[in-house]
């Protein structure tokens, strides 16, 4: 990962996760995908959708930006391919509003299906009307400059998680998960299996059966020393 | 309170607040209930409903959980009685998603009317569709293990407030309040009185009268030294 | 600014920003207004609307309150003129619920069009039903006393920004901006110009043109050393 | 606990933990005491000593204060007995400087051996010179009023933990722990036992032996599925 | 205050607070000065000295910087006069290390007696060795660029408080206070009076007298309804 | 990076950065090293030394731990080689005291020269006496369990930065920086060059020369539009 964290680079051609596998993955929520890949890949929970019901699944175009500077988002726009989600990290904590309805218009025109940004966004009401899904750390009207280089399509750490260009991104009301490019098909398989199993369990729970019995926890609890008192 | 903070205990039978008194209390909001019991009983304000309009009133089944471990929520499910709200404290600050739509299905099947959890929850969109009201410190997809004992139905401190099993819980858009079991009827009386008085005041304020005059504040302000300047 | 931060004063007559200029300003969002006055005037981004879609524009009646004490909001009510927004600072960080539906009823009866408060509010559901727009740092049911003087209509610092009585306030989903009284007309002009320009840009971006080309960024990026890699 | 959270009460006579047991407890650190009572009793970790090396052990005189108001600390001063530590909770989050060198002089003159306050303190340099140990959430010069009643010697929740009047308090660089009055002797016994055991373990670890072997962890790790890779 | 918040200006000649008055003020701590001017002027308490015992008093040279950009600190260096303290605000929250031992060397050579910065600093160990007093929101090694203009010697809001060029700044272990230029002599007088009065009170408290009696609080407490219980 | 984030693995043999290069790197501070590698590699600034003057440089043994569970630190102890620094990430935010004087004794006996942990530590006073340098997010006495597997010597993200086993770690009062294994010699070279250059600059600044002149900033400032006003 020689370009990790390096400023001044824009990589034109990246290898994206297989489109069919990403399509299959899009049928599952963040919680399911995170579990399906062994409880990994979750961005920190301060990353929240800017409107309820936002959901997206796509391949990552990554951006490393400087605080208060959204120059590289314009560079990224050109490198978007249909089905991409732009994922933005900043070199330091920053809530400035790096993205608004103009960039959303541009990103959508280029085929982007969403934005994940470890900074702020603005024009939140318009973005919601446009149904352009965004996950961010803040909503903040503060404008940014275009003065200092970052990079596009280098590995980044966004909200505490490593994201490499072309990785699959799944995002919904529960947050954002990243699936490494080469694991997408396997994770979609595991998600499907988990989903089926949960559907069966849900029925039993709805009928009043207890997880204690369905999952067979009573022995382990007793062994651990749980004491029931009247 | 000998079991306070102690792990490894599940109390089967608890004395719940009187059901009729709880029913009367359910007619009032958190702000009113908090005032009606002398400005006490409020959980810290970081406890937020996961969807707008969430409201619940019931009796507390308490859970003390370990960080990243939701084992005791399954133990709690069995001890829920219709009309209960499960109230979960964790032994340390933790945002992991301890509760999702499967547990909600189970809790509802057992009669629970809501959840108050000083940790994270996931499947937020599904919980909102189910109209299962939840107050939490975070929405977070991160999964949990089932490895270390906590307790059920012992006194806990949830979001800075003492909650004892069987206490009444009132929760709405303004947050969460707890009313000690034996005070529920008295607090419902006081809430009713306050509510009536506020209705009368509201009319006068709507007509343009000032709080300064309705509450007779002018003398006290002058005495305190307030100076009007033109 | 001799009364800055001083407690115990209520100024009856303040000079408000020109009503026509404020009316013109009300046609633009916070992000536009903030840019139009040279990226200044924004309150910190922790100030959030209590319901989606809240929007307001008016002239500031300022309040300096003590922690846990809403006495001065009653003093402010009398000094509200139609078209005002009450802007409340507290002498120290405090989330208590200083404002609820009764005060909202009173403020509206006096002509107020909104509230900006660097503290908490309660009765959030009722305020949303009333469509009384509020921006606050917290929703919190905790009640307050009426014991210690603050001031009304003195210069305050609210959420990190200086607000003087009579300044124009613009607030929407993106946050809150203040425009100094004497600059309102000029800022409205600049906002209008910016808005027109953005409308044209939006069309070009929607058609797939790139900001890189529209804004002519390619040379500056190359000069700064950006390297495209395949 | 009928007075829990109630304002307006000062309890003159409280039953303090046995002085000899408290003296024995004072020989052990917070981490040891917390473990010795089953990993309970710890205040949240934002409570920090105001100077390095601060350490104290005594019996709690509890104070419930209002935000920005230190009136009840003066009431508490009279009720201090030699060997007491004053423990202060506030009805809401507040960092104001409620305590400084004058109150420290007074408290010391009455026999207090320290202060634990879920708020701010000031005159930090003087307190350090006086070697009056204080644990607080903030150092803040902001002054307070004396306007609204709280209580003295009622049960409080301080930094997330229940403290009852007369409980033992142990505090050092690692934070603050409370030991319920009636458990002090038993916890001192357990702390002594733990301390001895740790001394033996420390020697073995210093000699290069591994915890894996001393605690016999290898089997459990293998069973849990740990895989060693070269 | 027409230049408030405006970028791109450096004011060469500012009117500084009277040097003799500042010298008198320097004999008092932050808590005393804050009280002496009516409990105003305190910066928020997250501004902490980077080493224990740091203390400074001087006149403000103000800097408005951009996030991650310390260009204007170099502009400020030239405008420092002996006895100045440089006070830095950033247009948005930012912890980057804008100041280190090189700038400290330069500032000291120009006569500066300290730095107050609502951002980060680095070379903390060297700054402590140099005894160059600094109050900051963070210690952070992250470097900054020199790309975007801010301003020097315009009014700023630093850590929530208005600071105008030439105002007096007092800073110690308790935080940072600003005294408006024209009030310095009066505040020094009030601080002296307060200091004398406190010295007398301290003696009485040290002798075991109670604040309740010295300040005559017993009647007011009884009137407020305080109940003593045995 | 196939094992990224994966639990249940302990890698025995890792390739460490060249010892001579690490030794050379140890002569430079964190700020210098961070700049020398192009302003990358810095952990977030909440990672603070637990005592003033702590400094360490070594090669990373990485640990991925579960919240409230320090089991893997014991596994790591066995894999420490002289000159290592143990770097600990947790799968979720957690402040529990995972490390104390016993583990420090063990780690030191195995040759470790420090600890960097994105969680809490306890026995802080003893660790300071031992001069065992630790950088952590918290000091917290809360004990941990040994119940759930993590990993040792897999790539981790610690405090927002990627750390791979065998990377060089530099830590001092300014925070913590990581240097990828293969870049250590080059970064040491760059640090040396920077250090020499700064020494020369320091002399000129100490003599009163301005950075404006030394760095030749005046033209760029004028071009950017800076206006000097008298």
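We call the chains A, B, C, D, E and F, going by the order they appear; numbering starts again at 1 in every chain.
Rule of thumb we're sticking to: a contact is a pair of C-beta atoms (placed from the backbone, for glycine too) under 8 Å apart; a residue touches a chain by one contact, two chains touch by 3 or more.
Just so it is clear, the model here is predicted, and its values are computed rather than measured.
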Number of steps on the shortest touching-chain route linking chain C and chain F: 2
Chain centre separation in whole Å, for chain E relative to chain C (CA means): 28
Distance between the centres, which are taken as Cα means, of chain F and chain B, whole angstrom: 42
For chain B paired with chain C, centre-to-centre distance based on mean C-alpha positions, whole Å: 31
Approximate Å spacing (C-alpha centroids) for the pair chain B, chain E: 42
Multi-chain contact residues (two or more partners), chain B: 39, 91, 93, 95, 142, 148
Pairwise chain contacts under the document criterion: A-B, A-C, A-E, A-F, B-C, B-D, B-F, C-D, C-E, D-E, D-F, E-F
In the complex with chain F, residue positions of chain A that touch it: 1, 4-7, 38-41, 44, 91, 93, 157, 160-162, 180
Chain D-touching residues of chain E, taken from the complex the two chains share: 29-31, 34-35, 39, 42, 45, 48, 52-53, 172-175, 177, 198, 201-202, 205-208, 210-212, 215, 217, 220-221, 224-230
Chain F-touching residues of chain E, taken from the complex the two chains share: 8-13, 51, 71, 74-75, 77-78, 95, 97, 100-103, 105-106, 108-110, 120, 122-125, 128, 138-143, 146, 148-149
List of chain F residues in touch with chain B within their complex: 66-69, 91-96, 142, 145, 147-148
